[in-house]
Amino acid sequence: METILFSLLNGVIYGLLLFMLSSGLTLIFSMMGILNFAHASFYMLGAYFAFSFTQVTSFWFALIFAPILVGLLGALVERWGLRSVHQHGHVAELLFTFGLAYLIDEVVKIVWGKNAVDYRVPESLDFPLFELFGAQYPAYRMFILVVAVGMLVALWYLLKRTRIGLIIQAALTHPHMVGHLGHNVPRIFMAVFGAGCALAGLAGVIGGNYLVTDPAMAAFMGPIVFVVVVIGGLGSLEGAFIASLLLGLLQTFAISIDANFSDFLGWAGVTATSELGSISISSLAPMLPFLLLVLILIVKPTGLMGDREV
Amino acid sequence: MSTPALEIAGLHKKFGPAHIIRGVDLTIAKGERHAIIGPNGAGKSTLFNLISGYFQPSEGSVTMNGAPISGLPAFEINRRGLSRSFQVSNIFANMTVRENVRCGVLHSMGYGYSFWRNIGNLRSVQEKTAEILEKVELLDKAHVPAALLPYADQRTLEIAVTIAGGADVILLDEPTAGMSHSETDRAVALIRKATEGKTLLIVEHDMGVVFDLADTISVLVYGEIIASGKPEDIRGNPKVREAYLGDEADQQAIGGAA
Amino acid sequence: MTDTATPDFATLSPSRGQKFRQRVLPLIALALILALVPALSPSRTVYSLLNAVGINIVFALSYNMLLGRGGLLSFGHAVYFGLGGYAAMHAMRAIEAGDGLWSGFPVFGLPVVGFAAGALAGAVIGWPSCRRAGTAFAMISLGVAELIAAAGFMFASIFGGEEGVTGDRMNGPELFGLSLGPVSEVYLFIAFWTVVGTAMIFAFTRTPLGKLSEATRDNPERVQFIGFDPVRIRYMVFIAAGAFAGLSGGMAAVNYEIFTPESLSLHPSGFVLLMAYIGGIRYFSGPILGAVVLTVMQSMLSDFTEAWLLYLGVLFIAIIMFAPGGLAGIFHGVAGTVRRDGAGRAARSLGLKAAGVSLLLVGLIVLIEVVIRWSNGYGEVFEPFGLMLETGSVLTWVLVAGPILGGAALVRFVAKTDEGGA
């Protein structure tokens, strides 16, 4: 019972982290038509900036300023990089972000080293929040939940209640019409790209010490976030939300299941000592998103909630 | 009466709640030159997309030379002898003029997806390509990349690729759109020459071109054919005049051609 | 118009001489260069480098069948390289063990096994992938690559786990009197298959399917209306690309005598994308150029600096932003400028451009190298040409800012005057 409850909580937290990343990616894609390959790299930068900030100031300082710094960096990349690549088409843009991801990886390795850095949960949040069935639940996880939900509410308010939100919504449904609204489209693009990166940065700040902060974290997270937005349906924030939680829960539960193939395929003569039979469900967890991705793209190319084909 | 080249019966197309084609019936005899006119948004291009297999109809059927073709994929319909052009130039931009036409020729010459033959050694393909380039007067620009052609030449190439496969039913979607007067005259002469002995279905806004080329005209308004007949009948038809009243430019065009 | 009254296909086709010069001669030149290398009696290191170059040439060319000629961006092309390599590896072990028919199979022919395995993998994986082009294709290729790479680590009996599968190439019947023991003999094997692979991939571009692949890249919609199914065209091209990737995998199996699941992963897939794109995807010679440059960079530069991957990333981004035609495009552009403006004027503008880019590069190198040493924290100092460039010294930052600012200004100036002149 406590496994299920804890897995549920952890799954939701992981899912919300995924949504922080995928919401920015979705916004950027909807408005600019760019699938930002480097999105997870900005998440990584968020974590590393936060680590460096906590060395000299406090976690709370990092929580606010690291995402802002990442967002500014994103806006710069849009202004001085992507914008000039735009004329060469979407493949060139995709390749640019691919190259950028590569570059950020290398820069991070040079500046912060090849090994994981000691980015810790702040002491003020490092205590067990409650005890359930004899197991303790760390307060920091609750904190992640609170921040993520806060971001969710803020995003919802921004989209539904503000002027810029209306423009973004218009762009989500009618991507070609934004230019006719008479707004400064390049500036909006820069702002959206920056904001999307800032969200990824925020996910890095609160996720980096929960998971691990090392140069491989972008390469680990990047493909999964891609999977989330494709499964949810490109351009659909609701879809991204559902897919984030779905994947978060799926992966968390798969890890906690103590079973292997022989348990399911015993009837077919697959024994626990055979190669296939000894594969455990938990070891399949990293593969699940990609299996789901390929299946979705074959069966329902628009994703769960999207109305556009990829 | 022999089998018609195209027979369209009870054709409907809906996009969600939008009902674009609302029951079109049309019969086009072999060798006929049939023009479809109508105000903007009447569904002319949609009708072409339905006939050529680019869209699937919501209801109704299309029959070519007695055999049903609706529901078949576009490439299959093309193989059975129906070829179309596009309103916006839709050519292979990074390939040369000659390569464009050569691709259009390939299938009719019996070279499917072969990967064991050198295309340069296929004599019949080269000859046919040269013949078509000569017919549309693009022989001197054969080695120019399609994207670098002047606009009128791109439109000509569009027609060349359309007729290259030797289809006997040709659908042309606004072939002279955006052309100057002299270019239009050249294009009309070219279309006449290139579609000799074939069935032609053409969508066109320029009434001069329509009355020059077509021997039958159908008027499509809001997804329905409101009149069909010889050019002089259409010109005098009060229903047609009424349908065009809202659209002043076309009204003038009809008057001007009259 | 031509003078001939009747259309003559011969006037359209290039002449025999042109054909020979444009199509056959470069291949003969490649073969000759490769054949002459042993006459220079290169060292073992050079031989190993050349072998790696040959493998990468075929691999990059196979990738460009997708990206350059077919417009299909794949993030998982190494899957076919790896599966081809593994198939060849297992065949090599079968030859060693003398299993049945395999005992009569020469190791020299193993790339054929890789070719077949790559084609088979392409046929199986391509079936669901090729129904879509564009971003969807790219995403599926990424998903498939992750899946296969993960499976590679899971099924140790096929992929050998972390250690991979090893073999011994000095078994079975010898072909052309090559024992394939010494690296110089392996070189001849690699050179042979590099020429064969290059020639076959070039021949593919000349077939109806090759041309249709370009047509589908430009305009899949229109292809349907000239009687072809774009999905089928993509699928067939995908199988062919997989086959040639498998061929290069087979070459690698013989050369390295080991294959690890790492070879199936996203990393080599990204590297082949870089090779093809940096070389220039619009030119047949582009991926060859890219393979040569990147392989040499990989082996040389990694001795000099630990930041070589960073330089590679900078090069890639610079190519995307400023020279989308890649290195081959730059060469063609330079040749075009020389032809148009005459050598004198061209030399001035190109020289200035080159000087500007070099200056930028100098500043960047100083910056990166100084930062690396500072970041490592061993107190090491970057000392080019006897200069002590410490993090704190003014000279360092002058050498960073000066060249970068000067180079940028120079490049801008040349671009402006070129525009003015044109």
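Order of writing sets the labels: A, B and C. Residues in every chain begin at 1.
Just so it is clear, a residue touches a chain if its C-beta (ideal position, glycine included) is under 8 Å from a C-beta of that chain, and two chains touch if they have at least 3 such contacts.
What you see is a predicted model, and the numbers here were worked out from it, not measured in a lab.
Visitor: Examine which chains touch each other and state the graph shape they make (line, ring, star, complete, other).
Guide: line
Visitor: By CA centroid distance, what chain is farthest from subunit B?
Guide: The most distant chain relative to subunit B turns out to be A.
Visitor: Any idea how many Å lie between the Cα centroids of subunit A and subunit B?
Guide: The answer is 49 Å.
Visitor: Using mean CA coordinates as chain centres, what's the subunit A-subunit C distance in Å?
Guide: 32
Visitor: Between subunit B and subunit C, what is the separation of their C-alpha centroids in Å?
Guide: Once rounded, the distance between the two centres reads 43 Å.
Visitor: Within their complex, state which residues of subunit B touch subunit C.
Guide: 52-54, 73-75, 78-79, 83-84, 86, 90-95, 98-100, 102-104, 106-108, 111-120, 122-123, 126-127, 129-131, 133-134, 137, 139-140, 142, 161-162, 164-165
Visitor: Inside the complex, what are the residues of subunit C that reach subunit A?
Guide: Checking each residue of subunit C against subunit A gives 71, 73, 128, 131-132, 134-136, 138-140, 142-144, 146-147, 150-151, 154-157, 266, 270, 273, 277, 307, 309-310, 312-314, 316-317, 320-321, 324, 368, 371-372, 375.
Visitor: Considering the complex alone, what residue numbers of subunit A touch subunit C?
Guide: 35, 81, 84-85, 88, 90-92, 94-96, 98-100, 102-103, 105-107, 110-113, 219, 223, 226-227, 230, 275, 279, 283, 286-287, 290-291, 293-294, 297-298, 301, 309-310
Visitor: Once bound in the complex, which stretches of subunit C touch subunit B?
Guide: So the residues of subunit C in touch with subunit B come to 1-2, 7-9, 11-13, 19, 203-204, 206-212, 214-215, 217-219, 221-229, 232-233, 236, 240.
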